[in-house]
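Some structures to go through are shown next.
Each of the two complexes below includes chain A, the first together with chain B, the second together with chain C.
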Partner chain A sequence: MDRTKHRDRTFARFMVGPAVTLLFLVTIGPLLFSLAVSFTNLQFSTPQPMRWVGIDNYSTLLFNDSRFLSAMGRTLVFVLAGVVIQTLLGFFIASLLLKVQRYRAFLLGPILIPSVISSVVAAWQGRMIFNASYGPLNDVLAHIGIKGPAWLALPQTALVSVFLTDTWQWTPFLALIILAALQSQPLELLEAARLDGARGWSMFRRITLPLILPVAGVGVLLRGVDLFKTFDLVYILTQGGPGNSSETLTFLTYLQGFKFFNPSYASAMSFIQLIVITIVAKSYLGLMNKRGAI
Partner chain B sequence: MKRAAHLLAAGFGAVVWTSAAVAADLPSFNHVTVTVVGDAGQNMEALNKYADDFTKAGITIKQVGATFTGLYDKLKTSFVAGSSDYDMVIFYPSYIGDFAGNGYLAPLDEYMKKQPAAIWDPKMDEVMPPYREIYCKWEGKTYALPYDGDVLVLYYRKDLFNNPDEKAAFQKKYGRELAPPATWKEWLQVAEFFTRKAGDTLAGQKLSRPFYGAAEYGARGFSYGWFLSRFASSDGIYFDENMNPEINTDAAVAGLQNMVDTLKFSPPDVLSYGYEELKNAFLNGDLAMVVQWSDVGKKTADPQLSKIVGKAGFAVVPGTEANGKVVHKAPMPVGRVLAVSAKSKNKEAAYWVAKYLSLDKSPITVAANWSGQDPYRLSHFTDTSHYKFPDEASVKEYVAAVEENLKNGFPDLNIPGAAQYIDALDVAVIKALSGEADPKTALDGVAEDWKGITQRLGADTQKKFWNAALESYRAAGLLK
Partner chain C sequence: MSKRSLIEIARWIALLGVLVVLLFPLFWIIASSLKARGEFFTRPPVWIPSHPEWSNYPDSLQRGGMKGLTDSFTIAFCSMAVSIVLGAPAAYAIARFQVGKKNLAFWILSIRMFPPIATILPLFVIFRFAGLVDSYAGLVLCYTVFNLPFAIWILKGFIEDLPKEIEEAAKVDGATRFQIFRNIALPLTAPGLVVVALFTFIFAWNDFAYAVIFSGSNVTPLPVVIAQFAGGHEILWGQISAAAIMAILPALILATFLQKYLTRGLTMGAVK
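What follows is the complex of A and B.
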């Protein structure tokens, strides 16, 4: 019996081995290497020898690098605003779609188009829409008597433009997930709640929300992580400008890593981001767990 | 009849001799492939245009294109990895310190001395000094040959500047004659004068849309170049000899303030203006004047691109007056040079391709509309036969303006780490332009950032590199 068990284990290890090795080589290995690099002064601008600097990169980032701290604050606001507004809009769209019976599938197609196009295309489209002189947005605003701002050229509106483009692109994705969650509510439960007199806000808070939370919550989490990593829209729409008013953490990390060739500093930035994302995601999952959503 | 036969024979002989001479100018390689990397599009088009010549020399060219903004990343990644993927590299010379200082490029001095000179000598003595000394050399050795002599030039609407009504109105308002601005102070006056609302009159015509006096490069990337045109003309230099930043002097703050003030006379979305938008605004006829790269001059004459054909004037970038004398400095952002990778297995062939493009074919390339290359040799200013402008006077005016600006050329910072220093400056300039910070605070911030970058990259090494750069500035006549 023991011999059979041993043979089974060996066989299992043999079967899993290549996949684990591959995973180590392409994911865990580089991650560990990157972690090690973040404790060095490795940079490729000058021919300096690499040496260990301990937590210097981390302490500089957290206590002395105002550009990094601004980017961190900006990114967190961007994520929070994105998650809240896109979820509310997604819920609104999903609720409307839920009421439509006959042409729902037909309507879903065009609504989902933004989410299936490439972010690069969405960003280029955004560049045209937000163009202050020739863009259709300001043209529409002018027709209703509003003088539109130079969206991409002002520090007050550049990140808003990135946000609007992201919201336009990804709200349908959340709407689809919330719609699926709404559709999967047990009808008998809703009926029973209605018979018990549940209506409006109390119906939503006590019945609908707990029912859709397990599915919609995952969608919101994915969106939050995605918003945290926003890069392509910033790269194409604003390049982080004007100044660094729309510089997100990922964009700043890209600059450090691939424009300034400071891999040690960029790695430290990446690990701080990883820690922040992990803390936020864990807290969110903990909250969901507390509500019994997962 | 006999005479005609003699003439024919002489003509035939001359043709044979000329062909032989051209043939003698081509070396003979044994089926070598030279891989060239550069920013794709018009800046690599010369490789296609002269492909037959390379084939005759026994060289096959393999092109690898990068995006304009992605070229440095591509090259640096390849160099850091120690790859021998590329033989000849086209790059922006602000990175010469980075690339040559880190040993990524092969010194070219030995190849330049080879005989016969007709094949190997790139005639560097006729290259404009700022390009030759600062952009092609590093620590006294030549690592690159010039290919694209980018320099900023002042463009203005000469039809408007010569309009009698406008001249009279300007004279009445400012008490002096309307002329292309010689100083940055005058630049603001002229910009203010020409800024008009839709419905106003400009040179006797009622405007259907607003018209602006000037515009700046407002997008991220090269705004710093437009600031440098003010900074350098007030005798500004990046650091002192001990590598202390000198970017936040009073004169520098005044220069940035001038740039900020210009925005009052610029299109509302000027902070999103990169090269294309700035060029198009002028070519569309929406601006009275603009400072732009030298290639825009050729584009003003192309009816496919320009609504102001024959109406553009070319001049020296405005300067700053000190002690009764106006000092002009024209920044040289971007530009392109050709170098040979230290890891190349075909260095000699790669060098010859570089030399052929930099010298032999350059008069055609720098004058052509299909290329993005601009003049950088004395001969480019004397032989003007290839330029296509509506009239000879425009050619002369354009060539003279580019030559004068190149003589006053002010280089991009080119020491290792230049990308970081310049990015910090660029961000601060845009912060000032967008009102996020006042010019002094913005430039003080740059000085602090620069100190931090220097410390991170190694203060002693950076000081050594900067002093080497200062030597090249002296050799180019930029410093005494």
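What follows is the complex of A and C.
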């Protein structure tokens, strides 16, 4: 028996070995390398000798770099607004689809298209639709008597445009997850609750929400993480501008690393992001756990 | 009219509104890909081009679109192959032999949470030394960062759903562990392999963040070609829109014909 067990283990290691090695080489390895670099003053732009600088990069970032701190604040607002608004819209679409059983499969395909196309294409259509003079959005607005702003060129609306494009692309994904969660509700339970007089909001809060939370919660978490990483849309729609008004954390990190050639500083930045993501995701999971959702 | 049918009508109006909002941008790209140059600069804008300007398509292929298509295809296909060849055995071992207990599975999932920029930066430095920047192998390697964990995670779910009895019976009949994996478990996870193949292909095909940083004059995947077009001095609206339409074709095929696999892939297996 022991021998079988032993051979089982050898076999299993042989099977995971290649995948784990490769993953280690492309994730943990570079990450450790990056951690080391974040404690140096490595720069590509100036030929200064590399040396250890301890936590200098981190303390500059957290206490002296207003551009970084405002990007952090902006990104957190972006994530929060995105999660709330996209979840609500997703729930709305899912509950519409839930009621049209016969046509659901037929409708789901077209509805999901935005979520499976490349973000570059989403960004490109955003460029055309938000175009101030020749775009269809301002044309439609003009018909109802509103003078549309120069969406991508104004500091007040640039990030809003990025946000709208992201919402267009990813609300269908949340709708899909929430729909699946709604479909998995046991009908007997709903019927029993209805007989007991549960209606509307109390029905939703006490019966539906706890039932859909385990599945929907995972989707919301994935979405939150992806919103935090928003890069492609910013790159193509606004390049972070005008000024720094639409600069997200990942975009600023990209600028530091690849445009300002400052890898040590950018590494420190990406570690702070990693820590923030971990803390937010952990506390979110903790919250879900407390509600008995996961 | 009864209250019930009024609600029904309101529901369909709302659904129609949702569809219009979600599909309008795609209509706009298609229309734009068929507009002549002058039709991009009129107020009000041209909604439907009077004479479809088909030449935008060959023109965009000529200006780098063709290279973009073939590069994207090569890289996405290789990434898919690597993910399946390495991911399937790993998923099997994790599902059936609990190798690494829960930690390994959790680690693999948490890679999904990484901001790509955290690995892009050091990978770039390492790839520069190894001569992997602006190479096919380099991008394929990059895509394993998200495709391989995805493949392992999804296949693990599929394998766990398989009944163990068949494999146990084969064991009694004297099949080796690898034979059981290859001849019994693997064919039974065919639907899982389809999901993984489709999505790893699409993820690599759609990616921009890695592509824009690790590509150069040798390798230019389609999204990078589109971004370069869009960032140039003279913006070729029609040609870029044509390239964008070509870039969404695989995803359109997925959404239309393979819907039953869509949910499981998009939700990382959370929904079956």
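Throughout what follows, the second predicted complex is superposed on the first by the 272 of 294 C-alpha atoms of A that agree within 3 Å, B and C clash if a C-alpha of one lies under 4 Å from a C-alpha of the other, contacts with A are read in each partner's own complex, and residues count from 1 in each chain.
Heads up, the rule we're going with is that a residue touches a chain if its C-beta (ideal position, glycine included) is under 8 Å from a C-beta of that chain, and two chains touch if they have at least 3 such contacts.
Fair warning: this is a prediction, and the values are worked out from it, not measured in the lab.
Peer 1: So in the superposed three-chain picture, is A:S45 touching just chain B, just chain C, both, or none of them (first/second/both/neither)?
Peer 2: Touch partner of A:S45: chain B, not chain C.
Peer 1: Figure out whether A:F271 sits in contact with chain B (first) or chain C (second), or with both, or with neither.
Peer 2: A:F271 sits against chain C, while chain B stays out of touch.
Peer 1: One more residue to check, A:I85. First (chain B), second (chain C), both or neither?
Peer 2: neither
Peer 1: Applying the document's definition of touching, compare chain B and chain C: which contacts more of chain A?
Peer 2: With both complexes superposed on chain A, more residues of chain A are touched by C.
Peer 1: In the superposed arrangement, does A:G219 touch chain B (first), chain C (second), both or neither?
Peer 2: second
Peer 1: Taking the superposition as given, does A:N244 touch the first partner, chain B, the second, chain C, both, or neither?
Peer 2: First partner only, chain B.
Peer 1: Is A:F260 touching the first partner chain B, the second partner chain C, both, or neither of them?
Peer 2: first
Peer 1: Who does A:A132 touch here: chain B (first), chain C (second), both, or neither?
Peer 2: first
Peer 1: Kindly list the residues of chain A that each of chain B and chain C touches, one partner per complex.
Peer 2: 133, 258
Peer 1: Of all residues in chain B, which touch chain A in the complex?
Peer 2: 72-73, 76-77, 80, 98, 101-103, 218-221, 267-273, 416-417, 419-420, 423, 427-428, 430-431, 433-437, 452, 456-458, 461-462, 465
Peer 1: In the complex formed with chain B, which residues of chain A make contact?
Peer 2: Where chain A meets chain B, its residues are 41, 43-48, 64, 131-133, 150, 152-155, 238-245, 255, 258-262, 265.
Peer 1: Going by the contact rule at the top, pick out the chain A residues touching chain C in the complex.
Peer 2: Residues of chain A touching chain C: 7-9, 11-13, 15-16, 18-20, 22-23, 26-27, 30-31, 33-34, 37, 92-93, 96-97, 99-100, 105, 107-122, 124-129, 133-136, 139, 142, 168, 172-173, 176-177, 180-181, 215, 218-219, 222, 225, 228-229, 231-232, 235-236, 249-250, 253-254, 257-258, 263, 266-267, 270-271, 273-274, 277-278, 281.
Peer 1: Enumerate the contact residues on chain C facing chain A in the complex.
Peer 2: Against chain A, the touching part of chain C is residues 11-12, 14-15, 18-19, 21-26, 28-29, 32, 40-45, 47, 86-87, 89-90, 92-94, 96-97, 99-100, 104, 108, 111-126, 141-142, 144-145, 148-149, 152, 177-178, 181, 202, 205-209, 212-213, 222-223, 226-227, 230-231, 237, 240-241, 244, 247-248, 251-252, 254-256, 259, 262-263, 266-268, 270-271.
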